[in-house]
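Going in written order, the chains are labelled A, B and C, and every chain counts its residues from 1.
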Amino acid sequence: MADPILQLQDLTKAYGALKVTDHVSLDVLPGEIHAVIGPNGAGKTTLIGQISGSLRPDGGSIRFAGEDVTHLPMHARARAGLARSFQITEILPAFTARENVALALQAKQGHSFRFLRNVSRDRDLNERALACLAELGLSQRADLPAGILSHGEKRALELAIAMACEPKLLLLDEPMAGTGREETDRLVEVLGQLKGRYAMLLVEHDMSAVFALADRISVLVYGQIIETGTPEQIRASAKVREAYLGEEAA
Amino acid sequence: MTASSSAEAATAALSPAPRRSRETLIAAIAFLLFAALPPVASAMNDTFLVFFAIRVMVFAIAAVSLSLILGFGALVSFGHAAYLGLGAYSVAILAEHGYWDVTISLPVTLLVCGLFAAVTGAISLKTRGVYFIMITLAFGQMAYYTATSLSAYGGDDGLTMWGRTEIFGSSVLGDRTTFYYVVLGVLLLSYVVARMIVASRFGRVLQGAKQSEMRLRAIGIDPYWYRLVAYVIAGMMAGLAGALLANAAEFVSPAYMSWHRSGELIVMVVLGGLGSLAGSIVGAATFLVLEEVLAHFTEHWRLIFGPLLVLVVLFGKGGLTAMLGGGRKNG
Amino acid sequence: MSATLLAVQTLNGLQLGILLFLIAAGLTLVFGVMDFINLAHGVQYMLGAYLAVAGYGITGTFWGALLLGLLGALIVGLVLELLVFRHLYDRDHLDQVLATFGIILFLNEAVRAIWGSTPLTLPMPDILSGSFELMDGLRYPVYRIALIAAGLLVAAVLYVLVTHTRAGMLVRAGATNAPMVAALGVDIRRLFMLVFGFGTMLAGFAGILAAPILVVEPGMGDNLLILAFVVIVIGGIGSIRGAFIAALIVGLVDTLGRGFATDIARLVMSPSAANGVGPAIASMLIYVLMAAVLFFRPTGLFPARGG
């Protein structure tokens, strides 16, 4: 079996007496979609924060692409190939969609202490940005300010930005949150197409999306992973049924 | 983020291309007016007008430099007048010791202002929001008090320069018209440099960081160093304005660095519209003309200007350039 | 650097510290609760002094001046809150800075227009006008001692108010997490008006206390405002305790620095050089101190937020 691209070991984080991440260990294999599900308050957002580097874990380690990144800041992890989308869309509203993507491409090309050339006339950058947008069906929206795009389009733009980073792993924090049925279906389709190209860690509430996409699923309850397995195994697991699915079914 | 939401609304209202061409148009008109002024003034035999226009251009340079970090980086620096003062004092103190030539005073001015900006910026840029405002204000005040305590260089009373900076040994700047066009040249250069920076990769990072720091980190950019470099560039540019100010008045005083002056620079930038460099030139001119006109009616012109400013903040959005351009297009 | 001189300078430093605390206390709470930067807080200090001078003109006694000054400062503060400030709470910091800057321009000029630019004085009350012997050969004015005592008393009262009353508890909670307090159903606007009015009175009180020993002139609050900012940055936004300790530190460092920097500089350089360098170093000291604190503790010594 290939080495995992992301490996969490005994990750721990507590706010006071409340353990929000309780010895979490999981891994993501190259090309795999690994979904993390769990009821509200299970600690999914905190977990994402620690993986992406916006939160500091109290204990445990995070290995990414063969290196220990536990103590690296967010931007260094991003440069190492960890791209993320946000639960609440985080785009640059005054920039056009194309400029949003171009900035990510520019970041990938090294430092930006370049003062002379007009970046909006950088042909190569513009074309590549457009290509990324096209892949997510945003070609028509390329030159609109990102702030006026629809919610679903903003979601897609976030994905385009993440892809522009040519990541080794996509960290997707509830990409379907707040989208309508149709948009969700579209996003599932897009993610399905990207499957295999990038390893993904998908944190998501939408069960149909998760079961449609994931190779493996981990179930997080009160900061602990109670089960990891294929969608079939998770469906069949009594533990999961009791702790999580059972609640919803009832 | 909230710190720049109003600016966003203003910039998002127009798509980039018409915004750029309007910017160019305003700048072109402003520079043409400045270029045409000396012959007109001499025909009218009005020397005050030339002096006044020099003052406007000097403050326009400072306003453009502040605009770079305030309008495009959302860094509310309340200590920008310190660089005016540092630039002015660099030139005047060198002159006091007999170093008049631009080949010395220019690099020294840039170095002094750059260093001060690098050190104070490195500390203040670690913070955000009200902290940043208070800290830049405090550092500005530090420069002010240091100048007042320099008894060897006039202290509170300031320091007179007995002449102007020389250019390769020649005192061409002594001629009013020549000096005028040199100031205009520096303003043009500052404007062009600032515009290039804004349009560059660097400028895009700066403007991106203003909109969402989190997004930049997520694509692998740490905004800190970009902000710091922008802060240093702005400081050096304002220092240049200070050097010209010292030459224009042939006098320097701690008052150049007072925090009221810093506040006025912010007012100029905001009057001209955040995110417009040409607007900052217009804003500087508007502010100084307004001051001149109001002061003509009453010595207590601030009684009028203060409430006016409050009203502009409460009810006007986007600054003068937005109003000139017809305001919000997308509503 | 005699012991008496050191003692006098220390007392002067405490006195400056107390004034700074009175100004910073209201300011830091306003920052903390509303995330509102109010540059016009310094003019409240100035107004306190001027209104007291006016009050003295009416009543002829210091105590009457004190009362009218406090009342006037409160009224002006509340009017400003009603007319301007409350429209700025949900604006960005730049708007707040600009609008409050406009108010400074207006009020400084208004004071100049009404009372003129010449410095005024407020006579101190008779019973506090003497001086007494602190130690051998050291006489210190009673009024200044009273000022320090009054300031300490206010600090103590404030501490009790903030830590032991319901309003105080809400203010502290507001400084840590304002949306949370609003979500609990507390009328955050009324809470803020209370804090604001109280802060305004404290600043006015500082101005009145300072009036008999410092000159009363237009713009007298501007410099203290920035010192108060330094205090808040060092102490941590929203923290009364931080403001108190930082105010005393800043007051002492600034006063002692100005008193002794030249003497200390003389130890390492020629007297003439020291005369030049000493004052410059002295005027930089508190800012260097602020920078050092920020470097090691970016949120101040006693941060109210996040821990």
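The rule is simple: a contact is a pair of C-beta atoms (placed from the backbone, for glycine too) under 8 Å apart; a residue touches a chain by one contact, two chains touch by 3 or more.
Bear in mind the structure is a predicted one, so any value in this text is a computation, not a measurement.
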item	value
Most centrally placed chain - per-chain CA mean versus overall CA mean	B
Chain of greatest Cα-centre distance to subunit A	C
Whole-Å gap separating subunit A and subunit B, where each centre is the average of the chain's CA atoms	42
Approximate Å spacing (C-alpha centroids) for the pair subunit B, subunit C	31
Separation of mean Cα positions, subunit C and subunit A [Å, integer]	49
Footprint of subunit B on subunit A - complex, ascending	52-54, 73-76, 78-79, 83-84, 86, 90-96, 99, 102-104, 106-108, 112-120, 143-145, 147-148, 161, 164-165
Contacting residues of subunit B [partner subunit A, same complex]	8, 11-12, 15-16, 196-197, 199-205, 207-208, 211-212, 214-222, 226, 229, 330
Residues on subunit B engaged by subunit C in the complex (per definition of touch)	2-6, 70, 74, 76, 78, 120, 123-124, 126-127, 129-131, 133-135, 137-139, 141-142, 145-146, 148-152, 259-260, 263, 266-267, 270, 274, 300-303, 305-310, 312-314
Residue numbers on subunit C that touch subunit B, as the complex places them	31, 35, 37, 39, 84, 87-88, 91-95, 97-99, 101-110, 112-113, 222-223, 226, 229-230, 232-233, 237, 275-276, 279-280, 282-284, 287, 290-291, 294-295, 298
